Amino acid sequence: MESVKLPDKLCLKNTRLIDPVQNLDQTGDLVIENGKISAVNAGCSGARVWDMNGAIVCPGFFDIHVHLREPGFEDAETIRSGQEAAGGGGFTAVACMPNTMPALDHAGVVRWVSEEAAKFPVAVHPIAAITKQRAGEELTEMVELHKAGAVAFSDDGGYVENSDLMRRALEYSLLTNAPIITHAEDFKLTGSGVMHEGAVSTRLGLAGIPRLSEDIATVRDLMLAEYTGGRLHLAHVSTEGALRALEDAVKRGAKVTAEVTPHHLLLTDKAVQGYSTYTKMKPPLREESDTKALIAGLKNRSFAAIATDHAPHTSDLKEVPFDEAAFGIIGLETAVGLIWDKLVMTEQITASYMVNLFCAGPREIVNLPVPAIKVGEAVELTVFHPDEKWTVDTAEFYSKSNNSPYAGWELTGRPWGILKGSLWAGRIQPGF
Amino acid sequence: MKFRVKAKLADADGMRRTLTRLAHEIIERNKGLQNLVLVGMQTRGIHIAGRLKKLINEIEGGDVPSGVLDVTLYRDDFRLKFKQPQVQVTSINFDIDEKNIILVDDVMYTGRTVRAALDALMDLGRAARIQLVVLVDRGHRELPLKPDFVGKNVPTSIGEEVRVRMEESDGEDAILLVEREDLDEEDQADGV
Amino acid sequence: MASEKKKGRILSSRHLLGLEGMAGEEIANILDTADALKEILDRPIKKVPTLRGVTVVNLFFEASTRTRLSFELAEKRLSADLMNFSTSGSSVVKGETLLDTARNIEAMRIDVVVVRHQCPGVPGFLADRLSSVVVNAGDGAHEHPTQALLDLLTLRQKFGDIKGLKVAIIGDIAHSRVVKSNIYGLKALGAEVMVCGPPTLIPRDVESLQVKVTHNVDKALEWADTINVLRLQLERQKSGFLPSLREYYWTFGITMERLSRLREAPVILHPGPMNRGVEIESAVADSDYAVILDQVTNGVAVRMAVLVLLSAPEIAV
């Protein structure tokens, strides 16, 4: 995918403009001039016009949890291919996890990621490791990393097992005000588990990962956050128990936020029947009682963000027996369609709230400025069509990997692309 | 599949008379029951063998041993036909070495079932002699085989079939000439 | 001659991946076929030409001499051409991937693949990628359908009918492939099933399989008409599921002393190989209660039945 230069003065006509921060949700038009919004609902005179045919235009979406695999695992994804997947999926920015090779644990590699990412209009905000080489032994130089561009710290994929070290991380990171993002998993309780432990794992004969593995690890980190006053963000909450613990900690005043993924909202362990390795990820797909609780948590604002945990893997790691397959699925190119189709169209959440969960919610967690639909604002916009029907075809993905459990799903609501400054990037380009 | 009955070739009385004649012929040509055993082929051959055994025992006074043979595992169309084989019991509780075997089937057609039966019997031992008795020979042989005893010779066309119905499995004794009204592949798989 | 038996296939699936979801009638048909084939094993010439020209590969990624020999014998009795391919399937020491193995099999035009693998789902993985018929010879803790079928055949011979039979399965329920196939088969044929073992070796939500659960082996023995004693993998002790084999024998071992307290001793099955003095006392294993050697004979017959039924081509559409 190449980005396209916009006309000097462009009017997006016949759109639905949504910006929850501005309390805006109405059909209208938007004029863009030299990378800035110059008019909202003031007609198109003098501008080149793109008829948007009813597409939604809203402040740019941000995915706070993706794996771009570069440096180190470029067969699965590169910064560029991940950016293209983000742009095609309607995201103007992503935060990338540090489990690369080498890990994002020193300022040089963090800066390098930012430089690589500058070649394409999707912003990439690196998340640096909490511990050197993600080994769980020594803290990284958080202050320097933060200055180099790291927006948060995480040993995602691994859990900081040493409780004392995690305490120090939560304390020390206060120097930066960047949150510690925890992948809450007690690896002893996970053991050799490859899917959620329950009736389905028993039937399939696959070793189970109990909810306890996540619940206990979550509770420890919440207690540490509460005690230290540190900023904690829970990655990919998948259990009712972890959600309850989060809600209790928030009530007591802990500085904690959390994200939930589309797959933990929409899929259960029943999807694993048939042993598709595209249903294997951590935390694992849970049961209906969990998805119900998570959706309720989404409605009552316990989650600040929906994040994809986009985790590309080559077929060499996925077209193998379930036990041997790598954990993780991709999500950048399906998240918007899934949430629109399964949660907004079913009236479980509003369009405006969905925009919030993809835009302001995740940015506030990592202290990033929130784009807006306002005269004078820099252009950072997501475009998706709420009525367009499409079938998920992994062969069409911009991602280098195709490990998506949604292949063949028929969805209504399709991301078209993004507008960033004076550039367009996306799959379905209006106006040409 | 649909069949239309074209003619009734024998009723219960007719069948009884035919079987009685066959029993006499078997005894006559074998000069008694010395080493004689009956082997009925699944499914109706078994019933016919049972009737013959009773008749022979009555006529000659004695007890002819009998057994049951299923030839499914020896069929040459095992991998060609269109359904899974229904393997049935083979039960021959005596040593067939040096025995004079009367192999019994209901209808002889291409000869392929008989070929399979002969191979099956060879695997079970070395019989002194094997003779074949069939209730109906409808022709259309594809192998150089000929029955030793025939109840009825019934010339047929390819679209026709001979159906032997027996009290033991069908609730009545009758021999019917039927004609196929439509041909389908699965049905073809049935007739050997 | 046209048989009056019902039309269509005896098995609805092209492959035998497991007994889950298989109708009682289908299972009974396999057992009937096995009964019919048993006679061949007692012949002077123990061979029929049925699978002449059919190529079978026994793909064993996990050592299992017993199951492999049983399949091999079944294949030889049916005159199939067979190849044995044994390797460790562990990704740690792997040479080629399972996918490459599958592609090689495809290129060699193999008709039937009998597969044993330590990972659940591998038979299905192969079935999805091969035009061959796939027979599951045990996949991890998932299923071991031919073992269950031979257990069912043994019980049917012993009891006449499986309907209403009370069957207790005793031992390491959590890691057993035999348990699940047995439960599916037994339930489909109308038996009641109880599982019994230490709480550490009973899997989560096992009740969802519609079985009773007990941790008291004497209660299980009291209740059951027949018991299936599972082999205890000796490494379970090391991985912390059990404090010691000694205590396991004390608490769950099937001993003459326990059997002597019953009004009537149950018929005893064991999938083998046995750990004498761990899950079963030698005196019990060698007693008339045990039908373990019948199981071995039935194993060959059942595997012949499966091969005969699945080697027939599909219904033409």
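Observations, loosely collected:
We call the chains A, B and C, going by the order they appear; numbering starts again at 1 in every chain.
Just so it is clear, a residue touches a chain if its C-beta (ideal position, glycine included) is under 8 Å from a C-beta of that chain, and two chains touch if they have at least 3 such contacts.
Worth saying up front: this structure is predicted, and the values here are computed from it rather than measured.
Core chain by CA centroid proximity to the global CA centroid: C. The chain with its C-alpha centre at the largest distance from the centre of chain A is B. Note on interfaces B-C and A-C: more C-beta pairs are in contact across B-C.
Averaged Cα coordinates give chain A a centre that lies 74 Å from the centre of chain B. With centres defined as mean CA coordinates, chain C is found 38 Å away from chain B. Inter-chain centre distance (chain A to chain C, centres taken as mean C-alpha positions): 45 Å.
By the touch rule above, chain C contacts chain B in their complex via residues 1-5, 7-11, 33, 35-37, 39-40, 43-45, 47-50, 53-54, 78, 305, 308-316.
Taken together, the chain B residues at the contact with chain C in this complex read 42-44, 70, 72-74, 78-91, 105-107, 113, 119-120, 123-125, 161, 163-164, 169-170, 185-186, 190-192.
Residues 197-199, 201-208, 210, 274-275, 316, 319-324 of chain A touch chain C in their complex. Every residue of chain C that touches chain A in the complex is listed here, in rising order: 20, 89, 91, 97-99, 117-122, 124-125, 139-143, 177, 180, 203-206, 208-209.
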